[in-house]
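Chain lettering (A, B and C) follows the sequence in which the chains are written, and residue indices restart at 1 in each chain.
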Amino acid sequence: MQLGHWLAAVRQRRPLVHNITNLVVTNTAANALLSIGASPVMAYAHEEVADMASIAAALALNMGTLIPETVEAMRIAGRAANSAGVPVVFDPVGVGATPYRTETAKDLIRDVKLAVLRANAGEMSVLLGLPGQVKGVDALAADDALPMAMKAYAAEKGTVVIATGAVDFVTDGENIWQLANGHSLLSSITGSGCMLTALLGAFVGVVPEGSTPATFAEACIAAVTSYNVAAEQAAKLAHGPGTFQARLLDSLYTLEPSTVDELARVQLA
Amino acid sequence: MQLGHWLAAVRQRRPLVHNITNLVVTNTAANALLSIGASPVMAYAHEEVADMASIAAALALNMGTLIPETVEAMRIAGRAANSAGVPVVFDPVGVGATPYRTETAKDLIRDVKLAVLRANAGEMSVLLGLPGQVKGVDALAADDALPMAMKAYAAEKGTVVIATGAVDFVTDGENIWQLANGHSLLSSITGSGCMLTALLGAFVGVVPEGSTPATFAEACIAAVTSYNVAAEQAAKLAHGPGTFQARLLDSLYTLEPSTVDELARVQLA
Amino acid sequence: MQLGHWLAAVRQRRPLVHNITNLVVTNTAANALLSIGASPVMAYAHEEVADMASIAAALALNMGTLIPETVEAMRIAGRAANSAGVPVVFDPVGVGATPYRTETAKDLIRDVKLAVLRANAGEMSVLLGLPGQVKGVDALAADDALPMAMKAYAAEKGTVVIATGAVDFVTDGENIWQLANGHSLLSSITGSGCMLTALLGAFVGVVPEGSTPATFAEACIAAVTSYNVAAEQAAKLAHGPGTFQARLLDSLYTLEPSTVDELARVQLA
């Protein structure tokens, strides 16, 4: 699978990504998008989110510090994006931590058609109704309960489903891919998953409308791999989480498409 | 035009700048103000913004992630600042992107008297009712439609008007200055314009009350030039947008007034 | 007093700290907690703050950019934490700057039982009703009005009280400690006090329930000293406030418990 050309397309077309995201990562998500070459816009007012989502190349919704006003903004923007054929990425941050988060996430995935659903393994298990608590995806195999549930959900909904961790799983409902790039420092900065969600918006923002889930999945694999390769390169120049964060933006900015293809560790599971 | 003494005045008097700004740049605007030597305060509650604006040296309003509650806070604070003789800087971020933004910006400039209006060229064109879309100011000449409209607006309102880009235009309604400092990395970090808006608050916060627009314009030219010279110096030590952002704060902190005067590229247009 | 073992306990137990904090420092507070080895969560919705506070190891409340909705969230979360035996840290940012802030802070300390009250000296003077304005704690002696008022308040309420500055004062109502670590660059970055408030949450989050104020005070002294020693080390590698902030997170991440004990400058006042 060639991935670098997706990064080149983002750089060339500078897709406008409308983010409704959490208060922790507003700045870093915008900076990640700028660094990769996309155009971020953050807009929350009920009075304008439908307009903004409709002119965007993608809409990225993140539930991190949800309040009812923001949830309603996500719903309005999500429906407008659906009407306009703009792909929607959803990150149900913290689903399962409180009943309010769980209900809200379930309401949103019922009301808005998603191009991409991204969460960590524990959140994904809650959302897909798996029993028990999943602490990480390090030990998951592709025939374990979670990847199988993700694949079934993806097939049913026509949505790309991504569970991230030390190993990332991506499925379009037909295949499951395992992605092995990345660095442990990502778990020592806040919003590393949220930045990825924003970047997924940039990559699906350059997928031609009407493409199959398989094509969206390929763009998503390119997003995850570009981000994780950038993290690997940033870690070499970092002395801890603070300098890593600065270097991660630098790496996203300087990352060559050919480097993504050289270093990608992607396989069918 | 000597500019460095304005920076020295900011350092000496540490003006309190009350910011009502967007969620993306709240942290970076506060840090830019601290780095240059001013005192930032962020306050949004309708219950306190009039009190806070009245005791501040300047009020900086930024429309980036506007919601109705914040817009009303801007109006309350702006009117209190007007009553107390506190200069107001306004940044109509994203005006033109949605009808809501355009209406809100027009309402605010009707309801609040501004000391400084700052936007990029495209936003400024929308706000001043120019037809067509202006993508950048690189190619603008001072007798082009936008600078002429800015000058007319400044003269009518007694407001300094600034359009930023690869070249920045500043007018007090009588003269138009062209400012040529800066670095392209500024466009790869989020909130670079918003940080400048906050810094404009610091510089107009040390202008004596009752000064002419020409004096306010000089302080604004000093703010833009100080910021852009700091960016030039930061870029030399940066490896991309992440390290640039850290180095930009360092440069604002260490910038010498004499360096601003040495490196300033300011001319009457 | 041995302090390093508290840092080791934070690293080992990764306490979940629920933060209701201000818009300026949301990202940096989360990153400081991750860097020290704790788990941050930011949650504001009235619908979930009681649930979240109840499952947290500590609740950190920060009044920086208060609006009525956030104040109510603090009250709901604070009461839930009190019911669940979860220690509460409160930072009355800007109390005294406007009547609204002063009233809100007084309401909150009446409605919520605090494990720790932290402010700078000026804010603490306002809150404890001392006349006049205190500009810094550099010149304070332990028998001055402020430390004596802090001690009396701590004894009355069973709360650890901390006033930070170039010298920090900590009291459990019986003793007053003077802490002399730290670096002047802390005052050139925004949210340096707010990051400490978040870290205090991590350290009191590993204090066994039912411990005496003296034990909570020791954990607080460990938090303040760990943070200030990290700042000292970060300053050696910084070129200004921007690189300092990145290096501060690096230092919190790499700080050894034994280094805290070696470099601690703590004495009974």
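FYI, contacts are C-beta pairs under 8 Å (C-beta built on N, C-alpha and C of every residue); 3 or more make two chains touch, one makes a residue touch a chain.
Keep in mind that this is a model prediction, so the values were computed, not measured.
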Legend entry - Fitted rotation between chain B and its twin chain C in degrees, CA, nearest 5: 120
Inset, instruction - Check the residue numbers that chain A and chain B use where they touch, and answer same if over half are used by both copies, otherwise different. - result: different
Legend entry - Distance from the mean Cα position of chain B to that of chain A, given in whole angstrom: 34
Inset, instruction - Name the residues of chain B that each touch 2 or more other chains. - result: 23, 26-27, 245-246
Inset, instruction - Name, in rising order, each residue of chain B that touches chain C in their complex. - result: 23, 26-27, 30-31, 34-35, 40-45, 47-48, 51-52, 55, 69, 237, 245-254
Legend entry - Residues on chain A engaged by chain C in the complex (per definition of touch): 22-28, 64-68, 94, 97-101, 188-191, 238-243, 245-246
